[in-house]
Amino acid sequence: MNKFPREKDISGCSIFGLINTDGEKVSGSVITEAISVLHDRANGLGGGFSGYGIYPDYPDDYAFHLFFDSVKAKEETEELINKHFLIEYDEKIRTDNSINLPNKPLLWRYFVKNRNILSKDSEREETFKAVMDINNNIEGAYVISSGKNMGVFKGVGYPEDISKFYRLEDYSGYIWTAHGRFPTNTPGWWGGAHPFGLLDWTIVHNGEISSYDTNRRYLEMYGYKCNLVTDTEVITYLFDFLVRKNNLTLPLASKILASPMWVDIDRMEEKKRELLKALRMTYAGALLTGPFSVILGFENGIMGLGDRLKLRPLLVGKNENTVYMSSEECAVRKICPDLDSVYRPKGGEPAIALLDGKYV
Amino acid sequence: MKRRIICNEDFCIGCRLCEVHCNVKHSKSRDIILAYKYEKEKEPSRMTFEQKEQVCGSIVCMNCKDPLCIKACSMGAIKIEDGTVIIDTDRCVGCWMCVMVCPFGAIKRGDKKAFKCDHCHDEEVPICVLNCPNKALMYEAD
Amino acid sequence: MSSVIPEFIVDKNEDRCIKCKVCVRQCSEEVFKYFEEFDLIRIYNDKCVGCHRCEMMCPTDALTITKNNALYKENFHWSSYTINSIKKQAETGGMILTGSGNDKAYVSYWDRMLLDASQVTNPPIDPLREPMELRTYLGKKPDRITLKEENGEVSLETKLSPQIKLETPIMFSAMSYGSISLNACESLASAASKLGTFYNTGEGGLHKKLYKYGKNTIGQIASGRFGVDTDYLDTCAAIEIKIGQGAKPGIGGHLPGEKVTVEISETRMIPSGTDAISPAPHHDIYSIEDLKQLISLIKEATNYEKPVFVKIAAVHNSAAIASGIVRAGADVIVIDGFRGGTGAAPSVIRDNTGIPIEVALAVIDQRLRDESIRNEVSIVAAGGIRSSADAVKAMALGADAVYIATAALIAMGCTLCQKCYKGKCNWGLTTQDPVLTRRLNPELGSQRLTNLVNSWNLEIKEILGSMGINAIEALRGNRLRLRGVGLTELESKILGIEHAGM
Amino acid sequence: MKYVIIGNGAAAIGAIEGIRSNDKKSEIVLLSKENCISYSKPQLYKMLNEENVQNIYYRNEEFYTTNNVSTILGKTLISVDFNKKILLLEDDTIKYDKLLIATGAKANVPKLKGFDGETYSFTNIDEALKLKESLVNKDKIAVLGGGLIGVKLSEYLHKMGKEVILIVSSKGVLSSLGDEKISQILNNEIIEKGVNLLLSTKIVGAKKIDSKIELKLEKENIICEAIVSCKGVKPEVSPFEKTELSIDQGIKVDDHMKTNIDDVFAAGDVTEMYNSIEDGYCNIPILPNAYGGGYCAGINMSGGDAKIDSVYPMNSLQIFDVQMITMGLLSSAEKDEVITMFDSKKRIYRKLVIREGKLIGAALLGDIDRAGILNNIIKCNLDVSAIKEELLNSKINFYVLPRNMREVIVKSYIEGIK
């Protein structure tokens, strides 16, 4: 089976994310309950979750979640990992095999450390390269998450089945994101499900961006290979590119991905205008058009962002120390009927909730 | 409202279509082919096409502020109505005093009656201006 | 006696002709002559160039210009054009001259690419309801932006290279004062200024009357260096070094002395009545490092405040040349395809040299991306852009903006009779005869150009909307939204697009 | 404010329109010794023909009410007390604040030696009606004087079927124009059409013989049935003769149409105005001057400030089939350059008189189209040295003038600036 699709992936979806800003952990069953409300927005061809803070035993190791098609692929991958990293621990990802899902790959996780002591940036760059290397060059192996103290759990099936399969009730984390997928053209390949993960970035995404190829070709100039042909992939890479590689803040990255209109930029006071003008001109290849709402998970928070025309729904709700983001309010109400506040961010306005209690 | 048709000679291309359209507009049938090929009664054109070497242009009544033709008319047949100089053809006796004084030579001699550009007061824009292919004829109203 | 058969037949319908003689007065080729004695309009078919001026001016539609169907016996190998060319050459011993762009039946890749539209999974956007952004900045972009923080306020640290702002990604390509009339130049300048875009001086210098449009002027420096002085550099918003022209790659220009009027001589800064000759090469550019020096020189002379364009004809190894030009420091690279127009060129060059802009653009854009230098330069595609659809396809292939010139001339009246080199243009465009130049009222010309570009803008917005895109930069290089039809696998690969059905 | 206008001709009408352009309210009184509404003197000959009578009125009857003018018609002015600002009529007096004298001109009828019968004249309606009545059973009419009135009247009488003897003392008709060629062409035309034209003929006297008249000439005697004297007109100044009003050939006015007396203006055929070409004051009894002068006076009377254009003679007339327009000075002085063009086949004659490069007179005969362009060149005192040949030989063309000059002319007429 060809690992990567030739056609661009198109899907409709439901998304959900939550964060306990005090760092208190909740079980994976909570988010499973929420996303299962949105059953009808998926079609059983994809579901997935990401959890942060789930590996307290290996907090400083990169946790690689991998899909293997074959033992050979696993061996090749381990060889490659060993070249760059020290494997602290690895195991088969625990699953409930009574759940009937198609085309299950071999699921494995590794907790790894860099062989050399490096700065944080270099260390991440090395990891990034290794992930790209595995994904592009090893037949039948695919890294689905590669951050620290986090992991992505996804597959072909309804989200609630995926959750049961991965026994998410056994994990607890302070950040969870979830995705129910309605693809129209992907063969049942597990890698195509959301969240998409790179380093500690995970993206769940609803919508379809019309600027895909512009974004892809832009990213490819800077070493990213967009093999999956999914929007989620390029959006994740764009965040990685802008925030990690270009040192921009998340709010500024949001202003690039979902830029304000030129007429609005023209009206801004000079310094801000010049800044946004320069950002938009310089990173023109990163502008996302078309409908989308995404929930970005990262090491210390989540961010919700909708397209600049607000063509897809995004809701942010707060209850005490928990912030919820979702494409539908009912999913939030299911697990938290009484919210302190609810709002729907404007198109292009990021909603950011951080672990230290900051809630933007 | 004072109407004025002014020719910008920088852009007059000498096609003389203004005359053609003026003639058609003031013909009986108002149809170009009938007017030219079949109608018997024909007035000379109300437009005057001027040419000197490479420069050309069309001239019509300028609707002077203080029209000499009104002063000269021996029958009091010329007056200003709605800012437009008009000739009352019922009163006109063809004495050509107006022809004698019009500084632009814009008054023509018809069959015992003087006549001139009426600025197409029944049209939104004078027909010559409307049909000038190079917008050399400009229409002003104040 | 000429042995060349007339190309056109001028047919006058006597039932409709009112003998207004507008045809007699309008035809600069003197096809019509009026004999007062006989009240007869006599027609000379052999002089007709097929410009259709008479047909359009005739108030009774009495005239029809038709192709002479009684040409030589049909022959697929020896076309009438070929036979006539041979006869002309046998008569004159000279090169066959022509004007406008290559008219031969080479493949047009624009016509083999189709656009995508949104259905179900991704909503189209209604441009009447939602903002639709066409603004484009041309110039070198940095690889990354660095910021500084003062008193908790983040601001820009990177100093951007000079940029020019276009409210529409359509500009008017180089046509010199000399090759076209001053009224035509003014029409372009004024339209560019109304549209918030740019026109290009060609290498005709800048007439004093047009200085007021300086903010919308791209000043060209070509091998003749005509009209280049401090005022010129100061006034133009950007400077373009012209290396080559799509219609005649590798060929210089020649404005005959009789066309060098006093005003043209003043504008070009050459003696009046002398031939204005643009050499085939710049005599100070014999290789890429020389180009780099000229670019640096211009930047230095303009205080690093103006983007420098470099224009090349699309030829076989354009991609490598383009990469060199970027590395030589150009801010904008202009690629002129083989369909681009000219005022005068040997027809053998025009018809047989260069490559299609679609191909050149596709490979240049990809090459610059492969070398990770695409952000360092803007790409302008030129040469045969006929419609908003062509423009959109060019941008999807990777262009930042397009240049149009033939389309602009057509908007101003041109009917592509291809006799520009004769200097008798009946539409007052490619002539300096004062009787003819006044046929183009710049107010009207400017209005028509503005209308043309505005209607293309509307169409581009409509196309973007149908694709679910609402900013032009999200179209740029978005080749996924193109599909080929009737392309071979190799052609698809070169263009970087999938075939329809994939 | 009370305006009083004496007279009811073109000058009076001009004055009314001039006053009303500034002052819509104040009282205007118009006094005229003729008991009819204003009529056009050049059209007077139409009185002779019943069908055309309506075609001579200069304004319609509503004109006076529309402009709120009270008229006193058919009353003769005796004299004026300019100090008290009072007009003295036979049986009444009228006070005025501003006065316009527009009494026009009257016929100059020289006494014929030995003749005690009626000598008709033809300068106003009364005279015209009188002539008309007398013509009923008369067929042979002698017209004395080859000036404009005489020639025109002869033509009209001829067209009525009368036998006309036109007796002219000079060598040709319209000799006062000072152009022999014109006189010659017209002489031929008049003779050709059947008028008995006697040139260089002086009248010695006349004698009434029964119902006929014997007219004694130097060389012969001729018999006719009526005599119409058309020996020119003179300003009607009789009521002012004994006042301090300055009168020479006519009442002297400045370029604002003011007389030497405060608040008294004069206009029309009664005046003597500055002739820019002749550089002197003279009486130019033509309609454009009358209306224009009256209009100018009206504006100045009502508080405006208007200056009269330079005046000089001009006329447009048709004698039988000859159409002509003359303007300015045609009798040239030695220093003047005279150029002429004559096409005998088309009967087109054109003459230009140029003084120091400027056009000062022009005559157009046969082809009069666009004569106003030449008139304007005279009026604006434009130099024609470079274009005189073109003006003489081609169709008159506004574009003969240089562009800057044309632009100034267009602008000045559009904006009304002189």
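Each chain gets a letter, A, B, C and D, in the order it is written, and its residues are counted from 1.
Operating definition for what follows: contacts are C-beta pairs under 8 Å (C-beta built on N, C-alpha and C of every residue); 3 or more make two chains touch, one makes a residue touch a chain.
Owing to the predicted nature of the structure, the values given are computational and were not obtained by experimental measurement.
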Centre-most chain [mean C-alpha coordinates]: C
Mean-CA-position distance for chain D and chain C (Å): 69
Gap in Å, rounded to a whole number, between the CA centres of chain B and chain A: 78
Rounded Å distance, chain B centre to chain C centre (Cα mean): 43
Distance from chain D to chain A - Cα centre to Cα centre, in angstrom: 104
Residue list for chain D, restricted to those that touch at least two other chains: none
Pairs of chains in contact (touch as defined earlier), listed by label: A-C, B-C, B-D
Residues on chain C engaged by chain A in the complex (per definition of touch): 118, 121-123, 125, 130-131, 133, 135, 137, 141-142, 144-147, 153-156, 158, 160, 163, 369, 372, 374-375, 467-471, 473-481, 502
Interfacial residue positions of chain B with respect to chain C in the complex: 8, 10-17, 19-21, 32-33, 36-37, 54, 133-136
Residues on chain D engaged by chain B in the complex (per definition of touch): 13-14, 40-43, 55, 58-59, 287-288, 291-292, 295, 314-318, 323, 325, 327, 368-373, 375-376, 379, 396-400, 403, 409-410, 413-416
In the complex, chain A residues that touch chain C: 6-8, 10-12, 184, 207-214, 216-218, 220-222, 245-249, 252, 259, 261-263, 271, 274-275, 278-285, 287-291, 308-309, 311
In the complex, chain C residues that touch chain B: 15-16, 18-22, 25-26, 57, 59-60, 428, 434-435, 438-441, 443-444
